[in-house]
Every structure is written in C-alpha cells, then in structure tokens.
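The structure under discussion appears below in the form of structure tokens.
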Amino acid sequence: MDAIILQILNGLDKGSAYALIALGLTLIFGTLGVVNFAHGALFMIGAFVAVTVQRLLGLSFEQIDPDKTDFLGNPLKVKMTYVESWFGPEVGGTIVDWSVPVAVIIAIPIMLLVGYVMERGLIKHFYKRPHADQILVTFGLAIVLQELIKYFYGANPIQTPAPSVFKGSFDFGVLVGFDPNAIIYPYWRLVYFAFAAVVLGGVFAFLRYTTFGMVVRAGMADRETVGLLGINIDKRFTIMFGLAAAVAGIAGVMYTPILSPNYHMGMDFLVLSFVVVVVGGMGSLPGAVAAGFLLGILQSFASMNEIKSLIPGIDQVIIYLVAIIILLTRPRGLLGRAGVMED
Amino acid sequence: MGILEVKGVNKRFGGLQALSNVNLSVAENSLHAIIGPNGAGKSTLLNCFVGKLIPDTGSVMFNGESLLGRKPHEINQMGISRVFQTPEIFTDLTVMENVMISCFAHRDGAFRLHPFETVAHETDIIEQAEKMLLDVNMADKRNMHSASLSRGDKRRLEMAMCLAQEPRLLLLDEPTAGMARADTNNTIDLLKEIKEKRDITMAIIEHDMHVVFSLAERITVLAQGTPLVEDTPENIKGHPKVKEAYLGETV
Amino acid sequence: MSTSNFTRRGLMKTGAATGAGLALPTIFTSAASAFTNEPTGDTVTFGFNVPQTGPYAEEGLDELRAQELAVEHINGMGDGGMLNTFSSKALDGTGILGKKVDFVTGDTQTKTDAARASARSMIEKDGVIMINGGSSSGPAVAVQALCQEAGIISMAGLTHSNDTTGKDRKRNGFRHFFNAYMSGAALGPVLKEVYGTDRRAYHLTADYTWGWTQQESIQASTEAIGWETVNNVLTPVGAGDFSSYITPVLNSGADVLILNHYGGDMVNSLTQAVQFGLRDAEANGKNFEVIVPLYSELMAAGAGENIQGVYGSMNWNWQLQDEGTKAFVKSFGEKYGFPPSGSAHTCYVQTLLYADAVARAGSFNPCAVVEALEDFEFDGMGNGPTLYRAEDHQCFKDVLVMKGAENPTSEYDNLEIVEITPVEQVTYAPDHPMFGGAEASLGECNDGT
Amino acid sequence: MKLLGLSAKDTRFLLIVIFLTLATPVLLQPFPENSGLATFNAGYPDLMQRFAIFGIFAIGFNILFGLTGYLSFGHAAFLGVGSYTVVWMYKLLDYNVVWGLPLAVVTSGVFALLIGFVSLRRSGIYFSILTLAFAQMSYNLAYSVLTPITNGETGLQVYRSDAQVLLGANEPTSPHFFGLVMSKSTKLNLGDWQFTFNNGYYFTAIIAIIVFYISLRIFRSPFGLMLRAIKTNQTRLNYTGINTRPYALAAFVISGMYAGLAGGLMAAMDPLAGAERMQWTASGEVVLMVILGGAGTLMGPILGAGFIKYFENIFSKINDQILQGWFAWMPDWLSGLLIEISHFFVGKSWHLTLGLLFMLVVIFLPGGLVEAGQRIARLFKKKPPEDKDPGHHPQPAPHVAE
C-alpha cells in the first residue's frame, strides 16, 4: 500500500513536469496553430536561467590564502562571493542559498521576452506555412539554442541545489497513519508539485475569468470570427506565446534541483511532451494536463519491481504503449476535437 | 420504384433532430431538387446518401441495394458521384491529372497496386480524360495547375471528374454557391447539357431558386428535417406550405 | 576553449613537406603497401576519436587535450611530461622512428554507429595508423572490432565494461583503463572495512551491457565479503527522474544502495537518492549508505556535495603523488589551467604507450606493435608498475578506491583517495567467466594485407 | 532517347544520375591531397557509401512523405531491422550479403506492414506520434531487454563462435558479394590527387541507381498519381471511389522496405548493427534530409541526404589544428579571432551550423535545395528554365490546422 502511495506521489511529480510543458505546447498550438519543436528548448533555457542566477550570485573575487596550496603547489586563491561581501555572510549566504527561487522571479520577464522575440522574429512568419515547415524551423531553432547553451555552459550536468531549508525529506506517511519512514518524500518535490498546481490553476483561471483569456479561448475555437469582431487577436496571441514560454521556463527553473540541468534536457523532454499533448488531444488544455498526470503515474507504476518482473522492460515503453492504445481507441486523444491536425 | 429510395430516415445530433422520418424517392433519369431553408437538413440528408453519416433509423436504397454502413468509396463505386459546395479537386495536380484519377478509379476500382505502369502510356485513360475535358469546355486548360483555376472552372473540373466515372446518380451540393450570375448561368447550361447527353439521374441540393426552377423536374421541400411537399416545379412555386417555410427568405 | 599555440607553425612545415607529390600517375591497390596506412612521408597520423557532442562531450574534450599534449611531448615540444618518468626510453622527443606525429580528430557522439563512421573516415580518408580515445564501452568495442578488420591498432580510452577485454577482446585492441571486475575487487575489502560484513545491498543498474557487467562484478565482490544482495533493478538509460526506482529502496530491507550508473544518470540518481533522504536514513540499525562503483571527475562535479562520503573507484587521479603523475599534472595544468581527468590520463598514456611500442618494435606494422605491447611491463605512468597482459590486452595496475571529500577546497579535489589497491588484488585469470571464459580469444593480428 | 519505359526527359535525367553516382569518387575529391582544402574532400569509401545508403533511405521516405504527405517519425526502426537481419545472416550463414539483403527488405517490409496497418488508422500528427511511439519502443527494447537478439549498446556483431554454416575455407571474413569484398578499394594517384574506387561503394551505388529508377517509375505510375492525390485531397479521393488506406499502406511498406534495404546495406558495408540507428533522432534525420532537399521531388532527397552526411562527417572534423593551418598567414590577433568565431560553427559545434542552415533553408527556400537550384538556374537563363528536376513542384500546402 505504502509503495503504491509512493508511486502515486512520484507520478504526480513527474506528471506535473509533463503537464507544465504540455500546457505551454498546447497553448501555442491551440492559439497560433504552430507546432513548436523548440518548446523543450524553452524549458531548458529556464533551467539555465537558474544556473546563471546561481553563478551570478556566486560571482566572487579571489583572495590569496598563504596557508594553503593548489594542485600545482602555488598559493591557494580562496574565493569570496560579492554577495556575501556586500550583505555579510549571513544574509549573503541566504541569498546564494535561495538562488533557485530567486531565479523563478528573474526567469519570468526573461522568458516573456524570449517568447516575444521568438514569436515576432520567427514564428509569426510561419502561421500560414505547413506544419512540416513549422516543425523543421522550430527543430532547427531548438538545435541552435541547445548548441549555444552547450557552448557557454559545457556539456556536463550542473548541480543547482534547492535552498537548504528544503533539503531532506518529509515523513508523509505518519500524517496519514502509516509507520514512520514508510512514506517519506523530499520537501522540494512537494514544493514542485504545489508550484505546478498553482501555475496550472493560475493559467486556467486567467483564461477563464479575464477578458483577455476569453478572447484567447474564443480565438482558439474560431480565429477568423474573433478577428472579424475587430479584436486584434494577433497581439494577444503574441502575449500568449510569451506566457507559454514563461510557463515552460519557470517549470524548468523549479525542476533544476530535481534534475541537474544539461544542454540536452530540452530534447529529452520534447518527445515526451509531444506524446503527452497528443494523448491529451491536440489543442485541448485540460487534455494536456490530464494526459501529463496520467502518463506520469502510469510510468511510475511501470517502474515498480513487481510489474517489471512480470513484464521486463515495461518501464522503457509504457509511455509509448499507452499512447498507442489511447490513440487507437480514442482517435483524437483524451479530450481532442475532430479535424485538428488530421490533414 | 426510384433509383434512390429513402424510407423513414431519422438522424439526431445530441438534442437536435436533424432529420425526422424522411421519405424520398428519386426516379431514374430524373433531375430531382431538394430545397429548403437553412438548417432544414439538406446537407445532413445528402451526407446520409454518401456514407459520411449513418442514419439512426430508416433505410437508404440505391438501385435496390442498401447504402447504410458502406464507406464513401464503396458507395461511389456503386455509381454515385458527388459535387461539393466548394469544389473538391486535387489542387496540387494538373487539370488533366485530376480527371485521369477519376478515369483510373472507374477502370481499376477502389484499389489496384500498379507501381510499374506508366501514366503516360495509359492511352485509353488519356483519351477518355481528354474527352471529358472537351465535354466541359476545358480542353485548352488541360495542363494548367488546378489550384490556379477560377472558381467556375474548378466547378467544371469537378463535374468532369464526376462524369468520368459514368455515375448513375450524380449528387450536387449547392453547385452554384458563391458564384456570380454569369457563372451560375453557365453552370445551369452545363448541367442541362450533361443531362441531355447521357442517361443520368441527378439529385441537386440548392438554395438558389433560379437554379432550381431552371433545372429541376421534381422538387422536394425540406423544412426542419422533414419533407413538406414533393411535386413538380410548377406546383411548388405557388404552394402555401413552401411560402411558409421560406417566410422571411427571398424566394 | 583550448587553443594550442605550439602546433601551428610546426604543422605548417610538416604539411608542406608531405606535399611532395608524385609527378606521374601511379595505380596501386591497397594490397601493394606492406600494411594498412603505412606511413610513407615524414609524418605519421594518429586518430583521436572522442565524443565531442552528446552527453560525454566534456570528457571527450579533456581526452583531446591530453592527446594533443601527448603528441606535443612525442614531437619534443613542451616539457616532455611523462616521457621523463616513463620506464621505457625508446622515445627521444623527435617523433617516432624519425617521423613527426600528426593527428586528426573525430566525433563519436557516444554512439556506436557514429564512432564507427568517424573511425572509418579517419582510416580511409586521413590514413591514420592507430585510433585512440572514447568515453563509453559500446563505441569502444565497436571501434576496436573495426580496427581489427581494417588492420590498425585501437587504443581504447575510457571503457570500463568487462567485455572490452573480455568476450569482445581483439588482437589489435588494447585497454589501459581498468574494468568493472577490478572496481569490484578493489572496493570489496574497503567496503568490508568501513561498512562491515553484514550488509544488504540494493542495486540500481543502467539497463545496458556496461551496467550489467558492472553490477555482476560488484555483486560478486560484495557477496564475497558476506553482503547479501536484496534486489537488482534495471533502469532505463537517460531516465532523468529516478524517483520511482529510488522510493522502494528504503522499505526493501536493504541498507546499502549501489548505483551502477555513469555520467548524467549517476549525477541524477545520486542527487535524487540524497534528496529522498537515503543518506540520512537508518536501516537494519545501521546508517544507510550509497556506493558509486565507478567515479569520474565529470560525475563528481555534476553531483556536487551529494558525493561527500560516497565510496567509489577510479583508474587514476591527479592527486596521486608519484613522479609520473606529478609530471603529467604539471604539464597539463600549465597548459590548460586545471588538473587532468582520469580519462585524459588514460588517453595520454595510451598515446605514449603506442608511440613507445612502435619505437621499440622499429616498425609501424600493427603486428609488430602488438608484439611489442604484449606482456610489456612499464612504470612511471602514474599507476605504478603496470603490465599489458598478452592474453587479453588488459593493463594490470593498482586501482584507486575513492571517496567524496568532506571538505573540498576547490572544485578539483572533491574526491579523495582512500586506498591504492595493489595490482595483485585486482588480477584475474584471462579465462575468467566474467570475461568470456575459455571461449574468448584475441584472434589473429591483422595488418590489413 | 527513351530507355526502360521512361520518357526522353526522364531517361536523360536517369543517365545524369547514373553518371554522377558512378563518378562520385572523382567528383568528391576536388582538392589535391596535401592542400589545406583537402579537409573538404569527401571521396573516401565510408562517406561515399553513406551518401548512397542514406540516399536510398531518403528516396524511400520520399515515396511516403513526399507523395502522400504522411509524416512518419519512425522510419529508423525499419533501418535497424534491416541491419539486424543482415548481421544475423552473417552470424548464421556466412559473410555473403546475398542472403541478408533480400531478407532485410522482406523483414522490414513485414515490420512496416504491421506498424503501418495500425498507424494508418490515424492521420496527421496522430499518425506521426504513433509511428514515433512504435519506433521508440523498438529502440528502447533493442537497447535493453532485447539484447540477446540485438547485443544492445555494443551493437550486433559476428563472433568467432557463431555458426556461419555456409562459411567456406577460403571465403573472405568480411562482407562480400560472391567474393567481391566490400572493403577492398583500388586507389588511383594522379599528380597530387588520389582517388579511391571502393567495391562497397559501387555495390551500393548500383543498388541506389536501381532503386532510384524504381522510385522514378513509381512517381510516373498511376499508383504514384494516387499517392500524390492522397496528399492533396483525401476527401475527394474517397468520393472518387478510391480506398485511400491500402494506397497509403502500400507506400508505407515500400518506404519501409527502402529503409530496410538501406539498413541492410549499412551492415553490408560495416558488419555491425547498433541500436542507435533506430532512435527517434535518426528518424528525424531522414525527415530533415527529405525536406531540406525538397520533399516530393526526385532529386531532393538525395541532395538532402548528401548535404547532411557531408556536414556530419566533414564539418565535425575541422579542429583547431586545421583552422590554425588555414589562418596561419594572418596576423596572430586576426587568426585568433577567426578561430574563436569558428568555434561556434565547426568541429564540435557542427550541430549549430546544421541547425542554422535548416532554419535558413526552411525560411527562405521552402522547396529545399532543389528550389535553390532552380532559382540559380533561372538567374543564368533568360528564357523560362527547363526543370532540372522533373518531379512535380512542391506547392505550399494550405494551413491545415483549421
């Protein structure tokens, strides 16, 4: 029982990452009709905003410590961060420690800008082009972005720890009546889940209760009619692109303590998030979120020893297997509409 | 016994009764028009003939065989062709290629694997296609890219494609929708000519009364999913029920 | 970004010198030369086949730096590095047999196919006489097999799978790096000492050949010290999130987690294991422990503070204090500004070993080189006295048991040497069952004729 | 002149392709051996074989994607199946490729039939994701669970202990075709130039010419016409009495067989089959080749395949040493600067250049390299140019999301 609860927690956690990426992807597809293969790269850029913030906060000057020597036998240079020297070790240390949450705040404007530039500079010209062209050009962009990141940050994964307050784990089992240590879960993963819930809720509320959101939803359903009403739908769609980029970006920032960022993480998530979107049904926001959680949980269950011993290798293929079954039984995914992307 | 016999057809979409108890008989070699105001269920009915929709209840018989549950291509192979409201043609291909596809479909059936034959060597198909293009006065445009045709020409091309299959029943879904008056008149002439030249049954769904009354031999009026009257054009013209159904619309 | 300043003018000269072409057309088949890519001009070309793209690109680039350095030393530039400490003195800093060493590079992408393609292009287009480098066992085995077919020498880089010199051993292929069996054999006694004999181990194993051979080796050596193996769970390569594999560990009755992962997988699985509180937990009345049998600098840097106190093994580390190591670290550090990695060391040593073997054999003929390398004993290359065993072309030398440093002073000393396991303890029979048993054979030497 | 049932124009086109293919070892070796530009020479067996093999792969993929518009993201799986089949035949019978290659075409065809039958129940991106899912499953399993069949990460290869029941005493121990050893080459030195004529390349090239001819016939056949009609308007085709699914399935199977043949030839040139060649990125690569070259054109896929393989093999090998050689005549500061800039584009950063080129081609040349060629041809000719590529022109498809 506790094992199952643990796997559900794992699944929710994985699922929230899938759902956040798939949400942005669906938003872009639903509003702009663009298949964005560079969406994984946006997630990756977000993660590297966290790395950059960590590095900026960790910027330091060198002092020579005459008592120690470095690997070549020269006097050792000891590093002292500027932040610590400005704010004192106490406050400065805390700021450095909290670099990931700080990065979330910084990532939002950066990602909005990245999204804006991408949409105005490139995507805009591809609205009327075939999907294959959209896929190719955004795929090219994804390669370029990932190679640039690799050029500046190297190919190694970079450790970006969560604030020390969130280190360690929380005995979740005791709360619900299990033995101690039966269900323990890392604080940061709980934070990530809560964060994902807030972002997902926020996006849905935004689309549901604001005029802006209503126009966008109407535009997703019938772009031409909304255009006829004299509403500048393009401008709103640009903003939507920025928003989708921001969602992917902050999802990436928050994921860094769980998965040390590397330059190819965007591509790793790309295929998966496309499967999620398609299983959810192209163009359906609730579908994307539901499929994200569904696939996350199923993947977690498939990783259990009990199931792996029955069907070896099931955890390697479960996502694809589920995608195939769902697409064959529900032609347009879980919640998709007819006629979308079937040409 | 007509070539197309529709009996007791019902079709619901959620809460909307799109067709209720439709009975219709289209006589062989007649030109039968189905008219009615917007939302009367004309297109739904047509879609039930071609296999795009399956009625909830009732039967649709063509030449004594049921059409229900058959796929569009099977129904077409039985001898029913369809002209769409917006011409459906192969815009990437040339005019000639468009017609040749129909000729191949007529000769070879729904599927034939012929990867090593050469289109250019199919002289009988080429001849037949050229004849069809002559019939619709488009022989001079045979090598044009069909995407660049005018709307009227696209309609002609579609008609040629349908006729190339020598169908027994030709279904026309608002063939003059969105056309200028001159184009409309050309289309009327074309349809008349086709009708004169061959043994063919035509069922036409139309909005434009000018077209209907220029062409139809019999007319069924559909309103709110039910046939109101079926009669000759002369009798339909002054029919009170028809006026009522079209209240607020220009007749 | 490394820019080597030394090569430039020198290469211009060598390039011009080989330009003396033949005036009249001559037709000859490949059989006309004595062996594949026999060097005819006054240069000889090495092929450095390392991952330059993909997840192990940094490791590959470090290998490339070391290889460039080795070429520099062979050609008599720089301070000579390990040539000064190497027990064999056949190389005199004037190139090899009077020929200057030139090199070409290729990108393996850490994929078997790409590694083969890049190796083939170096053999066919650039006429290389040997291929060195690499960062994974799959490509290493594949390239070794290719070199065997083509008739040149393969000096493997970082490859840890038993298979490379086990069931996939080849007469034309040589491995300096240690292997999974040696990791197990070295770790066993140390683990016994620090964690006792009554332990229950849970393995997470990367689901491919290297993962399996390492798991097999570690299981054998931990069971030999009395440990029990609770479970072995195979994880997909590149899984990213290992949470669903880690959560069952704590309640499985195990008190040790062994991560048979490498590279990014290991960084993630270790980080996540720490996040899930495994290292703070107690099981069976003991502290829960995590072990990473194969360490590399790349992984240590990626995992950050999570490696503190975690045991593992290495082929070589720059913190060793022998003369060879000091000489290499000095010339590498002065050229590039940071200490070399273990894979850089292996590739550097392999390049020198090959050059030395040619010099001793007096010929570039691969079969002569094979003969010179087989049962070659040497010292002064950082690992103490070393033997290139004739039966399987595996180097036998001391193995390092490492531990994540508790208080690293810089980003380069986050691992510390716990013990230098003597070579006797990691030696095994050439027909050991984990190495293909009696069936495994090197085959015949191939020089391409 | 008309040959083999082709029109005069197509015959001319085929003859040009034959000439180019057979002369490749010379054409790709334009620079003298010891010049600084020798790096750009591509006339060595491995790369030439790859041009031909990936050309075959792309030609086959073009029959599916270029003609019907069905975008498969899983064709690498068939490539892998072909390779594994051929290596297994080496292991069981002997090194003669005559057993493996036809079987590779058959097994990949059967595989394609199964996957295509299921995947073609859906269209558009749903079809793409289904093929992707099947291929990724194949790859993941081949890499791990199916290791007994595929030898996993190491790649399937021949061991001395393998049965090889047909292996004769004097038979070559590397892939051959009735004694014609693939890896053997004849070298020709002409002044500073060296040309390599490799058995394997010519074997592959002849097969490539044959399958190119087959694809040319398919393009010109009623079947090809139907496939193009599928891409343009499936609705009309259905209402014209055509059952589109068997046509699409036939195209899928044919392209799968091409992929299997290409995979088999890879193993025929180099007797090892790695699981990576089934990965989704490998499927993506053939998509890029076809679109880059010009989807739906005859020559496009071959150009695209050559272009990408050239990049992968030549640009990735330009290292600092070579750059320094080129820039040596410049003042130090300038050469240093140029080398730093080059770091972005060559050597280990070749992916970046490739990504940028994709973007540029897609943005400015939607018809791919074939369109570029046509535009250039137009610049030089005043009169309306005769098409270099007698395949039909790619047309901008309508926006299909609505």
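Order of writing sets the chain letters: A, B, C and D. Residues in each chain are counted from 1.
We adopt the following convention: a contact is a pair of C-beta atoms (placed from the backbone, for glycine too) under 8 Å apart; a residue touches a chain by one contact, two chains touch by 3 or more.
Everything quoted here is computed from the prediction, not taken from an experiment.
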(request) Determine the set of chains touching chain B that also touch chain C. (result) D
(message) Closest chain to the overall C-alpha centroid, by per-chain C-alpha centroid: which is it?
(response) D
(request) Count the C-beta pairs in contact for C-D and for B-D, then report the pair with the higher count. (result) C-D
(request) Please report how many Å separate the Cα centroid of chain A from that of chain B, as a whole number. (result) 52
(message) Taking the mean of the CA coordinates per chain, how far is chain C from chain D in Å?
(response) 34
(request) Would you kindly tell me how far, in whole Å, the mean C-alpha position of chain D lies from that of chain B? (result) 45
(request) Averaged over CA atoms, how far is the centre of chain A from the centre of chain D? Could you give it in whole Å? (result) 34
(request) Provide the list of chain C residues touching at least two other chains, using ranges where the numbers run on. (result) 53, 57, 207, 234, 236
(message) Residues touching two or more other chains, restricted to chain B: which are they?
(response) none
(message) Quick check on chain A: which residues sit in contact with 2+ other chains?
(response) 313, 316
(request) Spell out all pairs of chains that touch, sorted by label. (result) A-C, A-D, B-D, C-D
(request) Note which residues of chain D are touching chain A in the complex, please. (result) 69, 71, 118, 121-126, 129-130, 132-134, 136-137, 140-141, 144-145, 280-281, 284, 287-288, 291, 295, 343-344, 349, 351-352, 354-359, 362-363, 366, 396-397, 399-402
(request) Give every residue of chain A touching chain C within the complex, in rising order. (result) 2-3, 6-7, 9-11, 13-14, 17, 68, 70-72, 76, 150, 154-159, 161, 167-169, 181-182, 184-186, 188-189, 257-260, 262, 264-265, 268, 299-300, 303-305, 308, 313, 315-316
(message) With touch defined as at the start, can you tell me which chain C residues reach chain D in the complex?
(response) 1-4, 7-9, 11-12, 15, 18-19, 21-23, 25-30, 52-53, 57, 61, 103-107, 111-114, 116-118, 120-121, 124-125, 136-138, 141-142, 145-146, 149-150, 163, 167-168, 207-210, 234, 236-237, 439, 441, 443
(request) Would you tell me which residues of chain C are touching chain A in their complex? (result) 53-58, 207, 231, 233-236, 238, 240-241, 243-245, 247-248, 250-251, 264, 267-268, 271-272, 275-277, 280-281, 298, 301-306, 318-319, 329-330, 333-334, 339, 409-410, 412-413
(message) Applying the document's contact rule, which stretches of chain D touch chain B when the two form their complex?
(response) 5, 7, 214, 217-218, 220-226, 228-229, 231-233, 235-244, 246-247, 250, 254, 392, 395
